[in-house]
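What follows is a pair of complexes built around chain A, which joins chain B in one and chain C in the other.
The block that comes next holds the complex of A and B.
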């Protein structure tokens, strides 16, 4: 069992509903985000389209945050979920700088870091993470990386971080090409 | 309902007794009192709310509340349309309710636009307003100098209390019409006798879906989900639009059309269909009148080559599209509001309607020329009803065009407008010709605005009154697209000193009568719950199988059924009872009898030669939501989308400041270069950015659309027919 996300660019409309769904569910401060939607190169599939990639913490096999943290605030569960322990965090931001995805975010109120925990209470209770459950396009999926068919997805996306650096548990479906008639 | 599992135990209450008791509002509901009163600290409750924005999707929301505070919201899975998921705007509601920017108290400004505000009490506010109303009545013998500009910022049926209050004072000046969709409404009224779209969930039954001038990814995300699902199930999805939108990016095929030429494309398709005998003669014979005349018009006047020249769409593409549309049955067309915001928008919608009817693609499951509907608005409009004091010297309200509000108001002299009441609207931000609207505001002695945030209209008001959110009151809500009917209950106590529109109406009525007995007949003694109880029609209760309206809170929502296919009974609501290719009603309103091509009245000049399209923005609905700090954290800078070729010709690079200008104004905005817009047209999304002077309506002219008067009293507005120059600033 190794938890990961699938981000389906074929369905994603770049609306940021996942970002705000997460923010309100976890009661984050206004300037905090546990997930980001990136606007990708419009020529990603040949002819121009509007393309977006939603990504949060990738719950990497080799988490850069964990290596960089001087106080041992990060841990990795058996199911792969990377957790951050605010109790021992000193808010030094080393994890934020180390993470190629800039997944850890600074909480300006507690002066500590914050990060996607895969909605651990929800998944432990058999529910979907709120971003997955809340996406109006059903463009996000929680998957068991050991079970997926790798050929259904890509792991590298032009303009996004090379996932092999940290063993990111994110797989992506690229947008489908659109037959276009332009003036 | 599926129960959520979290650290805290959640108790699902059907009603809102607990919150009501805690907050001292509302009364007993269907819910179990013992359960409510036994609620332990930290325990959560859930309530049903409904998003009241002017939106296709009008979602039923489940609100989780802990200790009287909203923790989070999610979509109500009981509505198969909302599907348990909200849009980006909907997920912002917890922040909207608790935003530090919310208007908390009645406020008075020393002079419009001065920024010199002082907090006043509700009693002071009501006194100032009531004294002005009575002064007007004494001076003129009527209340026509009071103008009401109210529309769609909140579509809870109870917000119509403001109309009810005005009607209870006497006759007033009303902003009539609708900026959104009137040209298309007229078209469908002429053709079919009403607007009546098929249940959008039926698109799953379509073999082909053509989305014509709509951007559901941003403006109706739950329909976009349905379309995407249909596509993944094998339906062919085609988007026709001048812009490669986020929606069109999901299509099988995107056809870029020259703006405002949609009717030519539809007619070109009709010609191909007729030439290849793909039309449904039997359907037309049985269900329509005037088809011979229409066929004759197309054969004599239209060629595919002509259509290609008009639209910029190659002949081969038009032919293929026509062939597929006529043969992939059932095929659904979604006619967007964007494509009718032109000087020929209504005529274009009629051409598309005719295309659907020609192929018999009307009245069948998964088919239709789908635009909008109002059949599910099963309300009594009790709050809206007012029986005037009948003490004035005029017979009727005086109507002005909501789409030319500024100029129309300024033109009134007998009597002039002295007092303006604005609710559920932001004319200073959203109306075309901002400069003229400003003058209209300045011309009024007293401008009263009811709102939640200090937007451009508040800035030009004398008195601003705070209204509460849907989470703080009762309500019933319907969509003009899907067929779900929602209940809304108070999840939390009313915030600060905010009131509902009906409470404001009642408060003002009380003050008026205390100053002059009998001067306002609006009731003053009902609770919001009692008002809400009056709104659900007996027909709705019967349809839903309810004995009591509050049974809506069993699931939060109920579906108005029977519309899986629109017009399946063949009973069109036209004078002939048939589909009318040949419409005498259209002709009586100054339009052509037939769905013919109407040339656009372009205001293009040598200097101002770039068409400016001003569509809706994904992080807001008009001037709502983009101002919230959660949205600002995602995006907070307006921009103009221009094609790299257009930019190159003007020496503009990505990120440059550009000056967008025409005869009526200008704005300076950041350039975003993208190949997703036409080479010869520019796109600026309309929105209100807090603390930013940006407003695209400084360059949008109040040009009337060709239709709208028949069904809505006033023509639509051609939002996408303004032309500008674009230069590096």
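The block that comes next holds the complex of A and C.
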């Protein structure tokens, strides 16, 4: 089972509840974010819409962070979750440069890198990650990438990094185009 | 100037490589340096290497754990850079000790072989340093211009300093070489910026950020100046004395000036390299 996220842009209202839930659960420093909500181009579906994309580490098939890290601090579990071992991290920020999504962030207190671990304790206990559980619109989902119907989602979003670079495990449901009424 | 330590680290480590190779060639292959000058040249390249290494280490969040950087040599270019950096500095230090006669006094003849290995290691270091920045998420870096300009940088700064410190009298060839390398660096920078501007959004943004920065224009002027100077003295030669050999003082001054112009150009180039990136 390969885990991934689905971000439903039709539901997302850009409230940042996922970001805050993650920060609170993991006790992150104020300037740190494991998840970011981006306001996307209003013409993302060809017609003006307000669209937000919530994204964190994509737990890629070929994680650029893991390849670039000089200390071997990154590892990938059998379920696809990419983990960071802060014990050996030297805070060189190489992973942050290498990651096209800039998912790893620098912790100004420990002087080491930090990233989403898919709330591993929670998912191992059969629970949802905190960002998913904290979304009031149910716009975020944790999914099994081998079981989703790919035709229901897109992997490439205009204005967001090409997921094929690293084989990102994020699928997106684009907002529906609204019918424009011209007066 | 958020990348100060990386700018200092890369420029100084490349300066160390270029200076060492130049000094080594003049001393061991051309046999045109006296013992004292050859030792000073190696000393300066060692000090430059130490400054570069120290600057890179201060960039780390946890410098005390810097040794962990050796742990992923199989896939990380930064790990490989750490390895080559350590080997290069170690070989340079041993070379220095043998040159001074502190160790292995009777094996001075081995300096040629040791210097050759050190030089190859230095070139590998410049190459792996450049490969660190070949990141698909940063299109301005992910081009052939990165390894080419990093390699050129080593010789651009190293040749004039190495020639100056070695007290090498025959200025024509190194001046010509410096001029040609400066010309190459100038063309590489111009082609790089032009191709970025013609690229997709992130590339184009990087290209415009770079070309609209006054430091880019200043660097181009410095490189053009160094190229013109180098080619002029390389073709015409420096002032000659009655015996037909070049005047040492004038040749030395030219190389010192070339070095100062080119080191400023390289610092500007590296500042632009780190300061004008636009991610995908």
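Definition applied: the second predicted complex is superposed on the first by the 181 of 183 C-alpha atoms of A that agree within 3 Å, B and C clash if a C-alpha of one lies under 4 Å from a C-alpha of the other, contacts with A are read in each partner's own complex, and residues count from 1 in each chain.
Convention: a residue touches a chain if its C-beta (ideal position, glycine included) is under 8 Å from a C-beta of that chain, and two chains touch if they have at least 3 such contacts.
Please read all numbers here as calculations on a predicted model, not as lab measurements.
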| task | Once the two structures are overlaid on chain A, check if chain B and chain C clash or fit side by side. | result | fit
| query | If you stack the two complexes on chain A, which partner ends up touching A:165: first (chain B), second (chain C), both, or neither? | reply | second
| query | Angle at chain A, chain B to chain C, CA centres, as a multiple of 10°? | reply | 120
| message | For the overlaid complexes, name the partner, chain B or chain C, with more touching residues on chain A. | response | B
| request: Using the touch definition from the top, say if A:15 reaches chain B (first), chain C (second), both or neither. | output: first
| note | In whole Å, chain B and chain C in the superposition are separated at their closest C-alpha atoms by 17
| query | Do chain B and chain C land on any of the same chain A residues, and which? | reply | none
| task | Using the touch rule from the top, collect the residues of chain C that touch chain A in their complex. | result | 59-63, 65-66, 68-72, 75-79, 82, 132, 135-138, 279-280
| note | Per the touch rule, the chain A residues reaching chain C in their complex are 64, 66-72, 88-94, 97-100, 102, 106, 110-113, 161-162, 165
| request: Write out the stretch or stretches of chain B touching chain A in their complex. | output: 4-7, 71-75, 83-88, 90-95, 217-218, 221-222, 224-225, 228, 244-258, 312-314, 317, 618-619, 629-634, 674-676, 678-679
| Touching chain B in the complex: which residues of chain A? | 10-11, 13-17, 19-21, 23-25, 27, 30-31, 33, 37, 42-43, 48-52, 121-122, 125-127, 130, 133-138, 175-176, 178-183
